[in-house]
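Okay, so subunit A shows up in both of these, paired with subunit B first and subunit C after.
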Partner chain A sequence: MSAPAVPDALRIENLDVMYRVRGQERSVLRNLNLRIGAGETYGLVGESGCGKSTAALAVMRYLPRNGRIGGGHVLIDGEDLYGLSQTGLRQLRQTRLSMVYQDPGRALNPAITVGAQLAEVFTVAGAYSADADKRAVAMLRHVRITDPERVMGRYPHQLSGGMLQRTVIAMALAVDRKLIILDEPTTGLDATVEAEVLDLIDTLRREHGTAILFIGHNLAVIARMCERVGVLYGGLLVEEAPTRELFAAPRHPYTVGLLRCLPRLGLDRKLRRLDTIPGFPPSGAVELQGCIFANRCGLVRDRCRTEPPALSALGGGRSSRCFFHEEAGDLPRVTPPDPVEHVPPGEEHPLLVVESLGKTFGSGSHSVHALRDISFTIARGETVGLVGESGSGKSTLARILLGLERADPGSRIAFEANRRGGTQARHAIQMVFQNPDSALNRSHRVGRILRRALVRLGGLRGEILRGRLLALSRGVQLADSYLQAKPRQLSGGLKQRVAIARAFAGAPQLVVCDEPTSALDVSVQAAILNLLGDLQAAERVSYLFISHDLSVIRYVADRIAVLYLGRLLEIGPAESVFQGPHHPYTEALLSATPAPDGTLRRVKLSGAPPSAMSPPKGCVFHTRCPRHIGPICDTEEPALSERGGGHGIRCHLGSDDLGRAQVDQSSAA
Partner chain B sequence: MSLAPALRSGPVRWERTRLLLSTPTFMVGLAILLFWVGCATVGQTLVDPLADDMMNSLLPPSAEHWFGTDQLGRDMFARVIAGSRDILIVAPLATVLGIVCGTLLGLIMGFFPGLVDDLLSRLIEAVLALPLLILALVALTALGASNGTVIVAIGLAFTPQVARVVRSAVMSERHLDYVAAARLRGETAVYIMVVEILPNILPPITVELTVRLGYAIFTVATLSFLGVGLQPPSPDWGLAISENYALIGGGYWWTVLFDALAIGSLVVSINLIAEGLNGALE
Partner chain C sequence: MKLSARGGADDRSLAQETSTLSFLIRRLLLSLVTLGVLSILVFAGGQLLPGDVGRSILGPLADERAVAALNHQLGTDRSLTVQYLDWISHFVRGDMSTSYAFRSPVAPFVGAALANSLKLAAVAFVIVVPLGIAGGVLAAMKRGTATDRIITITGLSATVIPEFVSGIILILLFGIGLRLFPMTATAPPGSGVLTGIYYLLLPSFPLVFLLFGYIARMARAGTIEALDSDYTRTAVLKGLPWRLVIWRHVLRNALLPTITVVASQAGYMIGGLVVIETLFRYQGIGSLIYTAARGHDFPMLEAGVLVVGLVYVAVTLAADLAYTALNPRLRGALR
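Presenting the complex of A and B:
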């Protein structure tokens, strides 16, 4: 790899990191060894609490005050990080080392213009101030920010998330660094923006020859970006391998489990349940007896419980911390693969009919059409997947259906339960929110939250209520003891189970799921998706499932609707939407989704999504459409036209001229 | 498979309590406050602040009269100890009144944005433009001074400030999804405000309570000093200072100093507690 003259960009040797929490030392990283060659990209993956962010902070020497290095060394470009003086450290951070955080706001001072902050990076590196400004503009142009001169004068809060993240990356890459740490740099960005940011990182890295430590939980993103990958579990590196090999044939049961949790494109809830990893990750307080993964491992033997396995080299740059790594691929499934018998969506009268729904905010000349001319139906027991980026109006649509917001006059929303007297709509439509932290009242105990839902939505009292409460919490696999707990005592996955139980308290007919798994780890996501599938099969409930993750949508949805700037651009059976013909926007979305296996041909979108405040005239997508056919797109809004089998596309192009999937994806299952 | 990991760390409250008990500022404040509360409850049974002895008026501090005696020959030490009582009844009650009214108002303002909030906000701004003391003075002159009117005057004067704090706390809660979930269950506005939101904004209210208490003590003492608060022969500190401050010129400093120190120590103790709470609750 690297010539001996060039030192490794990063070398971590026997690194131990502990945190002091409430008077107790907890090991967060144990004996970590890692090297990243000059110009190499290395991905560190793991679920929350595995220590990956601590690793990033340790490499920046930014550990919080209650953290300390228990032993070992961190060498950056050959220099011992923890042996440096404060001045040396500052110099290192200014010239050779940099970090991009998940939240770009953290890296920027809100009170100083973007331009001044960017220019400072150059002045610090030794440029004259006039020159620094020029180079800052050039750098912004380089990260494809349109009109960089104007952006220079803006304050951070005036820029969108994608723009901010690109600015921060511009700052990180402004000087030729030896190593850049990227801590989940695209989490929270829209799919097309994410794809663009990743492309950008890739190009810049190649130009500058920068080494990258890429930290993330999204395996697909890591697979796309990195040459080598390390898997962290409980503060230990459990497997390390070149990316391709790791994803093709993982050699540690944990990695195998993680990959099986992913709803890959082509997998469908009607065909197969996702596999999960049983149990819970270890907390750092426990002392290691045997293998750290032993209590969750399907291959565990007696030996694993008494003797900790070492990270042993397997040849070809691979290593695994498992005695039985050859058998890793044979890890038995935890959940039965066959889904609970799936009842196909009802053919009878649809549960929900939405016709020409519109929503206008403001009035007069300032009015904004957040939603325009939306029509669709949801059948009983059906899952409709709703895809859209921020500003597409998907949350507004959900809020209108839930009755939290009023639609424009002239919109028609017919909900079956409304017409049959008795139950009111609010009992029949419920919601599972994206962020379980905000969705559960933090000062109420779980039991109280569920009990209130049963009282209000189920109309239950007394003994029956108590019985239903237990049945309800057990139905979402919550141990009874959790009823006494406050939400903050539960993990994210458990909180989401409580939220799901609450939504199901009154036997709802439609549940709106707003990105219910985007805040969760993949193994937890798999369990939640299985749970939602099982509940649907048991209760014949319908879902409106909002997500930006197309592989999740593909897994759960019977039909898919694509929303862009308040317009429905495409709607149809999941199969047809994925197979094509696609709307050009859907095509771009699909190609922006990185898959852990195989590369997809990328359709690049130019520019950022236009502001929802002033949607473009004509076809709303024309400013970014790669298939743009001419003036007609700029002036005339196309109709949502039927392309066969209930598949509608809003585009002037004929079906034969639209993109299609190149591989038959359904065979991938 | 076992699905139950140990619950994450115990209830928040215990942790906070432990944190508080290990904060020196908080503990010092608490000790001083408890001392004065003790004086207020049992002081009158141990010492007699009203026993006068004209033969021994205006004696300087000595072994017999630690803090000296006043014009009527009353023991200053007894009067300082006993003087804690009225102020420790009036100030907390006034504070509680202000917190309760302010919380109600703040909940309504925070929960109903638009016209209701706009109107009340303007009103509050107008009230806040006037100094607290002037407001209380006017009210007391109009209503006549008594413990009851002092409580009401200070309580109402505090209401707008408390309302403003509560309002902003409610505004940041209102958009959280648990409120939307409550709406989906068809809960009433009152239920959402009181049962769902209120428990979550108790920390800022608690901090506000302690801060206001400090102000209340100071205000009560000032009002007594100005003669519109507590009335003689109460041994109240503010009143005592007002009765005796003319004597400083004659060199009888002890008739004023110890009362002033007492007021100071009480206000400081409350501020120390407020600071400790603020740190633990943030």
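Presenting the complex of A and C:
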């Protein structure tokens, strides 16, 4: 047998990994086989708990203390990783293997300058320290950081998230590696920054010919970055295929289910509910009887419950762990597709009217205009989507509406329910937070949390209270037995259901949803979005829906408002905002969202958003605007001008000169 | 365009630095308030509780006129506010008034006693800080093993032994039994620095026992947190040798919280040595305060307590400064 000329960058053979949890062994990866050729990009997807991060750590030989390899091999560039001595392992990490992490802010040492941390990569590989510094500067320049000499002397806390992730990427690329593992490298970054980082990774990878193992839960990002994709479920690889084929015609029911959960273009909550995957992922403690997905699969037969299917090759580089892979596309829907009938948003007097709302923090020369001149309305039963990057003032706006923060004098906020008195008004506006963990009292049982909300917000007592409590928890599809549980015993999705039930306890008229699904897996996200839609149809409640995920916004929102540095740059009906003409900033945001077909032209923005402490003069967006027309943009702030059909854009350009969605975008659905 | 991006980061750290500086200034002002309140309490304790100062000095049988004369001589017949202002204004200028017992200025007594106490505390610290930190770090690195358990349990059990118990055992064992150390802390007049330190070794051991557990526990917790952190993972996965990972990446972050604990213990030790100083017949500030209290020597008592308070506040402030200087997130404020 002749060895191939170029060994595979990564080869995983029959890998078993288990964790010891409370004295019990739990399988996290089962018999994993994977091959990444030199210079190839491979994506590993799956929902939380499926074992993808464990796979990354196993490939780095950095399993947590309670983890161990049960069997199998990991070969990196032809070398058996677990057969290496400590010295050999160090050398491998110094020269051939590297990783980029999910949270760059925590991956860098807070007590050491960025430059010193980067230079270490060179000194450890044998460079002299002066030389290492020089190469570190060059590397920072290579990842498009301007003025790298200055950045070298900075500490991590002095840099923005995007800059930090570039630094970590610089570290990973510093020496020409054979394999780089990217573990959700853009989670937590703003859309435009994410797009930039992905561009950077793509370019550098081509230049260096590095193989990449890309781990993520965002299917669109994976689709954009990878040549081949593997789908992990319960520690098993259930499907593997070239990216295009996998997304076009998945051959495992789990993959089919995952893709159906995504809010796609052309879907609208009023026309069609999202499909979900029923049940919960396996915990890993159980011995496998049959197919691991059998309990949640709509195509399950008797054979699936008794005999575990093997990962069988289907030809064309595809494989699937399903007996009936040919029928995968016929997976029946779990949730009924037709939504509860929506009453269209009211023509009557709007529920909420906000006029020239402003918010200034601090005073005098230190004052920061967090929000300026914000005007919009929300009708009854309407969903307004609020889009903006971190620091744009989204949260401040939410806090003002909730009465947690006071708006500047001269602002007008008229809430229809105000007529019923002050506290009533506060009950009528509720909030659902991004992180249900910190929003629910950890020491109270779910039943107590909801009962308390019903008493405080609804003023209910006795028998009515009990009845309403059950109705409320069933309304969010929470099994009665969960009322006895404490929040930590629930999964993320269940916790978010509790949080939603709590918000609906007082029959609110407006619910502010602050990124309610961004911490959740796609299947759970779909269920939550359906739930919010159903509740809206039933109670005719209005939503202010804050999210950075434009496909989610498009699915849920009737109208969309785009916020940038405290200014409303665009507002209008969802379709008009997406179809255009749109504000140059909206255009950039839309193009930064990776679409599986990858046909969209990227509009690149340069640099990070300016600091809110010293916003640019003139149009706030002029420092990054790709359609900048001249001095007028630098000196004069444009008005939010009407472009027809209630669509306003704050730009000097005429509607004909603004960007529009390309025609092929609608066919992508 | 890029300039404005970096400007953002600069603004953020600038705002942070100003807030750190204002925090330190506030901290300093607060310390002054604390000292002011302490001085009032001490003064009240010293002047008010005994009632008639002249009477309590001369005794119940003394002549009424003699008491009045003494009160006039001491100034204790004036209004309390006047007395306090008079006392405190002299105090801040270094004049700690006159001892009732010795009929001479208090300051030299307090100064000498404070110096002695500082010497004893210093010896104890030089022993316990490196020992505690090393023990804690070692325990953290050998987490879950017998080494870890031995260090943790030893530290815990040593901490709960009161110093008068451990002091007596030490005297019995090393002073009387083995005759390795002198039983007193005071070196004979005219002996050198080394002899002085030798005499202070045995008395410092109970303090070492007391503090080792605290410091080791803090160091262990800090080190474990740093070892489990993402940045340590980054350092290991860079292929750095273990030694460099520990020295450069782990310890720097791990030991920051330990500094604060050490400093707060230092403050406590200066004033809390009464038992040790009495046991080992050592002229420190603790035994000075004790003696003054027993002898109704109020100026001495007040001066002693206030000086201990002063030291405590100063040490705590120094700890805050050290923490700020070592933490890059806060350091900018000191430049």
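The rule is short, and it goes like this: the second predicted complex is superposed on the first by the 653 of 669 C-alpha atoms of A that agree within 3 Å, B and C clash if a C-alpha of one lies under 4 Å from a C-alpha of the other, contacts with A are read in each partner's own complex, and residues count from 1 in each chain.
To be clear about the criterion, a residue touches a chain if its C-beta (ideal position, glycine included) is under 8 Å from a C-beta of that chain, and two chains touch if they have at least 3 such contacts.
Given the structure is predicted, the values throughout are model-derived calculations rather than measurements.
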*Have a look at where A:V334 lands relative to subunit B and subunit C in the superposition and call it first, second, both or neither.*
first
_Contacts for A:Y62 in the overlay, against subunit B (first) and subunit C (second): which applies, first, second, both or neither?_
second
*Have a look at where A:F361 lands relative to subunit B and subunit C in the superposition and call it first, second, both or neither.*
neither
*asked:* If we overlay the two complexes on their shared chain A, which of subunit B and subunit C does A:R502 touch? Say first, second, both or neither.
replied: first
*asked:* Output check: A:L457 vs subunit B and subunit C. Expected answer is one of first, second, both, neither. What do you get?
replied: first
*Using the touch definition from the top, say if A:V124 reaches subunit B (first), subunit C (second), both or neither.*
second
*Give every residue of subunit C touching subunit A within the complex, in rising order.*
1-2, 4-13, 15, 229-231, 233-241, 244, 248-249, 252-253, 326-329
*Touching residues (chain side subunit B, partner subunit A) in the complex*: 1-12, 15, 176-178, 180-181, 183-187, 196, 199-200, 202
*What part of subunit A is in contact with subunit B in the complex they form?*
22, 278-280, 283, 334, 402-404, 424, 426-427, 429-431, 433-435, 438-444, 452-453, 456-457, 477, 479, 481-482, 485-486, 488-491, 499, 502
*Once bound in the complex, which stretches of subunit A touch subunit C?*
60, 62, 90-95, 98-99, 101, 103, 106-112, 117, 120-121, 124-125, 146-147, 150, 154-155, 157-160, 163, 168, 171, 606-611, 613-614, 616, 623-624
